[in-house]
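A, B, C and D label the chains in the order they appear, each numbered from 1.
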């Protein structure tokens, strides 16, 4: 009889899916919202239990779905890293729902609200599945599910603009998943397995014999480019600003904070558990990641600097932040990958914080989104103001906040790889300056009183004021102050993959 | 002195600032009493720390294995903190009158107090990352002050200020990491925090990184490539230009550079390296460049800003000598230039505030209308020119002799630059004084003070009355004159007591 | 001679690659939304064809136990077929979603040309 | 007895004029003449009473262990001190009449007195730091004189004057830095600097160049002909006649009392100075010869004449030094006379061009008489003072061991003397013999306040020429001490 916490991954996934299915049966959106919040909170709780159980003993286990043992059956695998990620996904999903609930009911037609929460739950389910799965084909399936769910929560606020951007988003996502699928299929044809450990031994055998290096490179490339498209890495990121900028606040928060990261988590898991990092290094995929990452950092920052619509600006900045992640992955050093994961976690908190606060602030001038029109809004809603300021500071990289820790570890790991040190360093510096240039004027604008503007009284959103904003801000500070212990945890988790 | 006093000194003004947002601060008298109270209290704490520095370091958070947020009070901190803590109350006093006609006082004084706390934070920072933290915060807290007017000009100046500072900060950030990785711990130690066994083989790399971050922190000190923001920033209200852009912020930049050279990388690593050559050349160039630009500028405050640029590079030049004498000379000029330049700016501000004259060429004959202002301005100008025994001479003296004792070609170039800039200083300062005191016939000044009969004029009562008239004249206001008089007195006293000042500086630093 | 036989052996794979390329390019570049959807389906079916062809082994039968033969040497590999089924389900659902969006847009703008639609959308935005 | 005398005379010589000057500037009295004269006479009496007495040093402020303000009175001090007081009285007296219609006269008087104070401090200062202080103060106190007329040109001239002087001071400071500690010692006979080889001689060169700027030596001479003519005549007389001597004193102190001649003879630095001084002598005379504006011609003549002094000091032979000191005295006398005369002419005829001075001698016989005497002295015609000075200079230059420069110097001096005659005597000739067709215009005549100073100065030149002993005797003792 295996201990209870072995079931937690499966339970949390199934919990979300079931919740998603029952949503349409619920009386109205308010109830559905509560259910969704409850589910995501539950997921966070379960993952916390899982963490408590496995992190101290540093355990990594696989969990068999159904009754077929490997190599036929379908497995989940979990370790400290997956547990942490799952916890963050659950928590942030919960907070986004809590903080964004107002705008959800403002933006979305009553008829569609229940569906919206269905999609949210499905999204969480697919994210968790992508994190936990031990079977690459299952991975593909959940990628597709997440695609549909993500597009759905974008289109939920159904205006022509969002529909249009959704179609663009959908098209590119489909291209991405197509590439991913063909990669999976090729891998299966080469190795004859779908479970990561079994594939791994085949791959290692092939590599040792030196056969099939070209097909392996092709496979790695296909998987990478599939994920790159879906997580809006530089050349493929065109769809992101429209989609994230147009969606309702909660959706943007979740999309920028979580969805983009889910794919990357899965990619890293594949690279570690299927190819092993050394093979990937030999296949030169990391160099491409590195280059694309740097390009993304610069491009995203510049675009964000030129953007005036505040939410699109945040979306552009997400592109830059994804660039940080891929740079970390591309550095060829374990600390770099760890730093990338830290960035994933920090950004998972900071970006929702920024989106939620921006949403609140724009409510002050009845949902006006252009930066210049937000002057003085922070005085009307000082919690959102402080939250936004904190997030912006973290993005700029002020010590004591998460952003600084990430930057520190990225540079430190870059110093271990002299070949990539200077490009990484210079790009980091440029993008840091750019960050300051578009975040700080924003902060100043929201804090300067303006006489001409006519703010309308905002009804207080208790969920946001008392739960979402404080917790997200606290998390930002937490990452700033405990970087060392976290990075060690992550490294231990990576070692187990 | 327990070491949590440091936090007390840093936090007091911040708390005070948070009170500024409250509506009950609308009332002017109450607000001014409150602000003055906070500022004086903070200065008292600071002086307590300077006089009886706490022995052990105050470690707050451990960010990573190498980075710690820590505070301590060492010689350099005491020096810098003393300057700041003694000038801040004066500026506050001055600002009360000045800001009265600028408006937006609540916001202004709020950030003014915040800046005080943060500058103290820079002064008492015990580790590289702490200093970096407060450095960034300093930029953010002074930005609203630069953009105070919120018109296009101010916003443009603010943006430039932001770009320059952030670029500088990100260059400095590199050093934060390299020092922490190549060093044993990132706490400041006189002589360098680097770990000897890590240095071997990486000298060139470290020197290169040092050069980068020296220019990075030099941005705040208006070192040549990064000087562009300072003249623009003179759109800010005068108390800001005077205190922040002549003393607090820019001296913080220099403070950081000193930390970098003497407490971070250590002079042993840098002495005689290409890093020293590069930085020193930049400083030398800036000295000449600043003076020339100052001479060519007609806008009063901008002229002073350029003069600040050149004078700051005196200090940086002396810092890059990388000898103990150089460090001491730098400290000396830090003190003296602070007092002199703040006096000059107050003079300029008084003219600007009371007559709205912005350009030197408009000032002809103003001296007869604002006697005290122009008297103190002249005194400060002489001090800046380096007329013995005024303070400017002594600091220039120690810089020059320190450079001569180093004796490298660039050091001699530096002396030449000092001399050139002495000449130019005389020209651009005396230009103002001449305008003030000797209006040409073409541009005769307005009505002078009322003439009296000889008997009246001989009588001592007249002298008193004249003095009183000057003290609270129609053009000059009480607080401004008070500050100006205090500062002039300080300049004179310091000039004659130079021996003691140098002794104190030496005692602080070594 | 053997080149021909090679080609004949790999006929499924070649067809799959051609179809995939066709679908990919159209999905990326096609303006007409309906054609986009079709292209997507072509692309997916290409992958399924490929997968199925990989799983099929000449001269064997589907793994359905009818006449009591239990020797696994007789049957083809069942897993690819399973994967294909899953894939078909996924692609069908995506197609449905995509079509739904298209219908909404057509309802608003009376056209299925994506570029035109985006132009109209931007015009509305102003 | 001397020692406790020093504080008093220092206070009186420096403090009294300063006080008077400040009072004038602040209270702007209408009729300050009496007070001013009283001050001047007091200082004069003190200077005379201290004639050739030498006291020990007196530290006023001790800044650091090395840097201090230190005063002393010795032979050289007394030479310059006496001269200063001597020439200020007539110049001031003259300016009373010159400024009789001037609303802002108090400003001239006040700054003149401040300049006097600064000059006195200069003569009494006993180390280079103190000297530097008063050197700067002389500049600051005297440039308002140039500024006084308040025209744009005057302002330009003042700024030029200021700039050059400060640049000179900056050079001195640079020399300080190079020379280092030895230069901080108190002045003492024959110098104190321990040999530091090349660096010291270059430091010396820098310092001397810096001082030579005030003395208008090439290449730093070009401010002088711009600034001096712009000032009111009495002021420009003082500028040209006595304030330029501040530079001379500086050179003399550094060379003979700080570095010491032994260290310098034969160094490249010294040769540079000799060459420059000779160039200036010739250049100044040439330019003066070609100049048409009277006051500027006189200014150029100062450029040339002062470099006689520098040349004399650079020869570093006892006789040449005597010549230099004598030249200081008699050039001061002559040049002040000339400027005052030009002032009188300007005041009463508003003529500034040389060519307009036809028959001026017939109109103002006494004034032009003094002009003639001064010119002759400046050229060096016996029995006037200038002759003795030039004679001593030449003799000193021709002493054994002076080498090429000696001969060269004498030749240049002769040429320059001829040129001097060439640019001064025609004025006299034209003035007294305008030709038959000249009829004298009617107009006001100078009063006693102008005549008396001129006559006094002319008399001084004559007496100095006839009985030079009162200068020669102390000079003998001085050379005994210096060499």
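In this text, a residue touches a chain if its C-beta (ideal position, glycine included) is under 8 Å from a C-beta of that chain, and two chains touch if they have at least 3 such contacts.
Model, not experiment: these values are computed from the prediction.
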item	value
Longest centre-to-centre distance from subunit A, chain (CA-based)	D
Chain with minimal offset from the mean of all protein Cα atoms	B
Inter-centroid spacing, subunit C versus subunit A (mean Cα positions, whole Å)	28
CA centroid of subunit A to CA centroid of subunit B, Å	46
Whole-Å separation of chain centres (CA-atom averages), subunit C against subunit D	106
Topology of the chain contact graph, where touching chains are joined (line, ring, star, complete, other)	line
Set of all touching chain pairs, with the criterion as stated earlier	A-B, A-C, B-D
Subunit B contact footprint on subunit D (complex, rising order)	27-30, 61-64, 67, 69, 129, 132-133, 136-137, 140, 144, 147, 150-152, 154-155, 158-159, 162-163, 166-167, 169-171, 173-174, 176-178, 180
Residues of subunit C that touch subunit A when the two form their complex	20, 23-24, 27-28, 33, 36, 40, 43-44, 47, 50-51, 54, 79-80, 83, 86-87, 90, 93-94, 97-98, 101-102, 104-105, 108-109, 114, 117-118, 120-121, 124-125
Complex interface listing, subunit A residues touching subunit C	72, 137, 141, 144-145, 147-148, 151-152, 155, 158, 160-161, 163-164, 166-167, 170-171, 174-175, 178, 181-182, 185, 188-189, 194
Footprint of subunit D on subunit B - complex, ascending	382, 385-389, 394, 396-397, 400-401, 403-405, 415-416, 418-420, 422-423, 426-427, 430-431, 434, 437-442, 454, 457-458, 496, 498-499, 502
Residues of subunit A touching subunit B in the complex	393, 396-400, 404-405, 407-409, 411-412, 415, 425, 428-429, 432-433, 436-437, 440-441, 444, 447-449, 480-481, 483-484, 487
